[in-house]
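In what follows, chain A forms one complex with chain B and a second complex with chain C.
Showing the complex of A and B:
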């Protein structure tokens, strides 16, 4: 049981490595990361009706092994660095017009050089897996020790180191309120939300640091400014891609950042769309749960938002079903629906009506009525 | 309106930096590591200035749930 509970959370590390190997092998294998994303969407859709609770032994102890899970999360930092390095390597080859030939290494054939089309595949693969990897940046942001720094470094690979502070000190405290840019109000589509949430979280971190340094009597233009420091953590990635491919490299890194941050904001969008909190403590009803089996295992239980937002420092393997509002389908399937805003509006309508009726307080209902939905 | 103004200013600022980089020959020398570091720092600063421009010009209106100003 212990092995099963811990091994089931290794899907992303395993698939991230496959995506890296795909880019290294080259040719059409550069698209493997995109293919895996499509495969995951299919699996998630087919298993949407399987919902499992967290597993505990007879004494109520979790089967999760903290040292193992934390080691995996920390090890994801070099994995995501490797993802960028192999993409930069391919960009370098493309830029140098390296001949596209089949070579062999230890008996394995791989393609040296890369076509423009397959470079697009490698870039999209990197963006998708950097974005999915943000689940580790999220989990570690709740760690007050070295995990917090690892979270910042993972997020910096996608140009979003500000997330770590904004998530804990803005999103968790202001959830369901317009002060939280990561909560999407009713009527907003995922594309607008991705922009506003990203900019809003960075803005929060920027203001937070200005106020902190002002209280200390320091200038905001200071290396102690954690907003500035967070962006500086992204500098090695930028230099690598500039050096590897000039304009092409910058365009590729920009694409990776856009895709990765879009996926991050999609998770925020799906976790809280349209839910409202009028003062008072954060309760289970202020998040959408998403606990179909594949989503739970793949996203290391990030879909158990209702429990997570009430017990923010609880390890992901201990999060459980709390019978909060639930879309009933997994994140991959829901993500596809959110990409088509008119379809999402129709889909979400019945869930919002249900929330208004069964979960909302009288004050929250009044706010809900103000939305022309 | 403020958001559009912010996006316009950000675009002008980015184009200015891109033109300056082109004018100094960044597109020819980027494979020199020192140049790559210089260009990287310039691009990062451009991005950070863009963020601050957006924060300052757009303000907090885009985040208000019942504001007409979103994008």
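Showing the complex of A and C:
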């Protein structure tokens, strides 16, 4: 049981490595990361009706091995760095007009040089898998000092180191309230939300730092300003891509960041869309659960939002179904629906009506009436 | 000299100042989760170090902060020994002072 519980959370590390190897092999393998994403969407959709509870032994202890899971999360930092390095290597070849030939290394054939088309595949693959850094960046933002820094570094690879502070000090405190940029109000689409949420969290993070430094009598223009520091953590990526490919490198890195941040904000969008919280504590009803089996394992239980927001200190492998609002489908399937806003509006309507009726407090109901959806 | 090889205890004792309440914290656990586990009605709201509701004053002993308290507590509070229970892992037996009547929820 212990092996099963711990091994099931290794899908992303395993697939990230395949995406990296795909880019290294080159040719059409550069698209492997994109293909895996499509495959995952299919698996998630096919298994959407399987929902499992968390596993505990007879004494109520979780089977999760903390040392193992933390080692994996920490090791994902070099994996995500490798993902950028292999893309930069391909951009370098493209920019240098390296001839596209088949070479062999240790008996394995790979394509040296890369076409523009396959470079697009490598870039999209990198963006999609870099975007999944959020699941580790998120978990590590909540537990232990060392984890917080690793979370920031993982997020910095996508130009989003501000997330770690904004998530803890803004999202968790102001969830479901208009002061939380990561909660999407009813009627907003995912594209608008991605932009507003990203900028709102960055702005919050800046103000948070400004206030902290002011308390100490320091100016916000300070190397100790962690908002500035977060962006500085992204500098090595910028330098690498500029060096590797000049304008092409910058365009590729920008694409990776846009895709990665879009995925991050898509998770925020799906986790809280349209939910309302008036004064009072955060409760299970203020989040949507997405806990079908593949989503649970792939996204290391980040879809168990209802439990997470009430027990923010709880390790992901201990989060459980708390019978909160539940879309009933996984993140991959829901993500596809959110990409088409008119379809999402139709889909979400019955869920919102159900929420208003079954979960909302009287005050929350009143606020809900102001929204047309 | 042998101290170096001695294992640190599996848990530490927490005493609440000006009361006869005490409980144990397992090594690595937070002060708040242990208090709640022991049935102490400790005030809290977010459990992630952002609301300040769980704050208490460390009277004696050592803790390891898990997050920077500077975002939630004032410098003067930190100087007086205030800590966030949800983000504090005891590193020795400790005595803390906390207002257990603070646990009504307020604001958003």
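Please note the rule applied: the second predicted complex is superposed on the first by the 372 of 373 C-alpha atoms of A that agree within 3 Å, B and C clash if a C-alpha of one lies under 4 Å from a C-alpha of the other, contacts with A are read in each partner's own complex, and residues count from 1 in each chain.
The criterion applied here is as follows: a contact is a pair of C-beta atoms (placed from the backbone, for glycine too) under 8 Å apart; a residue touches a chain by one contact, two chains touch by 3 or more.
Source: prediction; values computed, not measured.
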item	value
Partner chain in contact with A:148 - chain B first, chain C second, else both or neither	second
First (chain B), second (chain C), both or neither touched by A:342	neither
Which of chain B and chain C A:234 touches, first, second, both or neither	first
Which of chain B and chain C A:174 touches, first, second, both or neither	second
Partner chain in contact with A:247 - chain B first, chain C second, else both or neither	first
Touching partner for A:107 - first (chain B), second (chain C), both, neither	neither
First, second, both or neither for A:277, with chain B first and chain C second	second
Interface residues of chain A shared between complexes with chain B and chain C	179
Contact set on chain A toward chain B in their complex	159, 178-179, 181, 185, 188, 192, 195-196, 199-200, 202-203, 206-207, 228, 231-232, 234-235, 238-239, 242-243, 246-247, 250, 370-371
Chain A partner contacts - residues on chain C that touch it in the complex	30, 32-33, 45-51, 64-68, 70-71, 74-75, 86, 105-108
Chain A-touching residues of chain B, taken from the complex the two chains share	26-27, 30-31, 33, 36-37, 39-41, 43-44, 47-48, 51-52, 54-55, 58, 62-66, 70-71
List of chain A residues in touch with chain C within their complex	142-145, 148, 165, 168-170, 172-174, 177, 179, 208, 211-212, 215-216, 277-282, 311-313
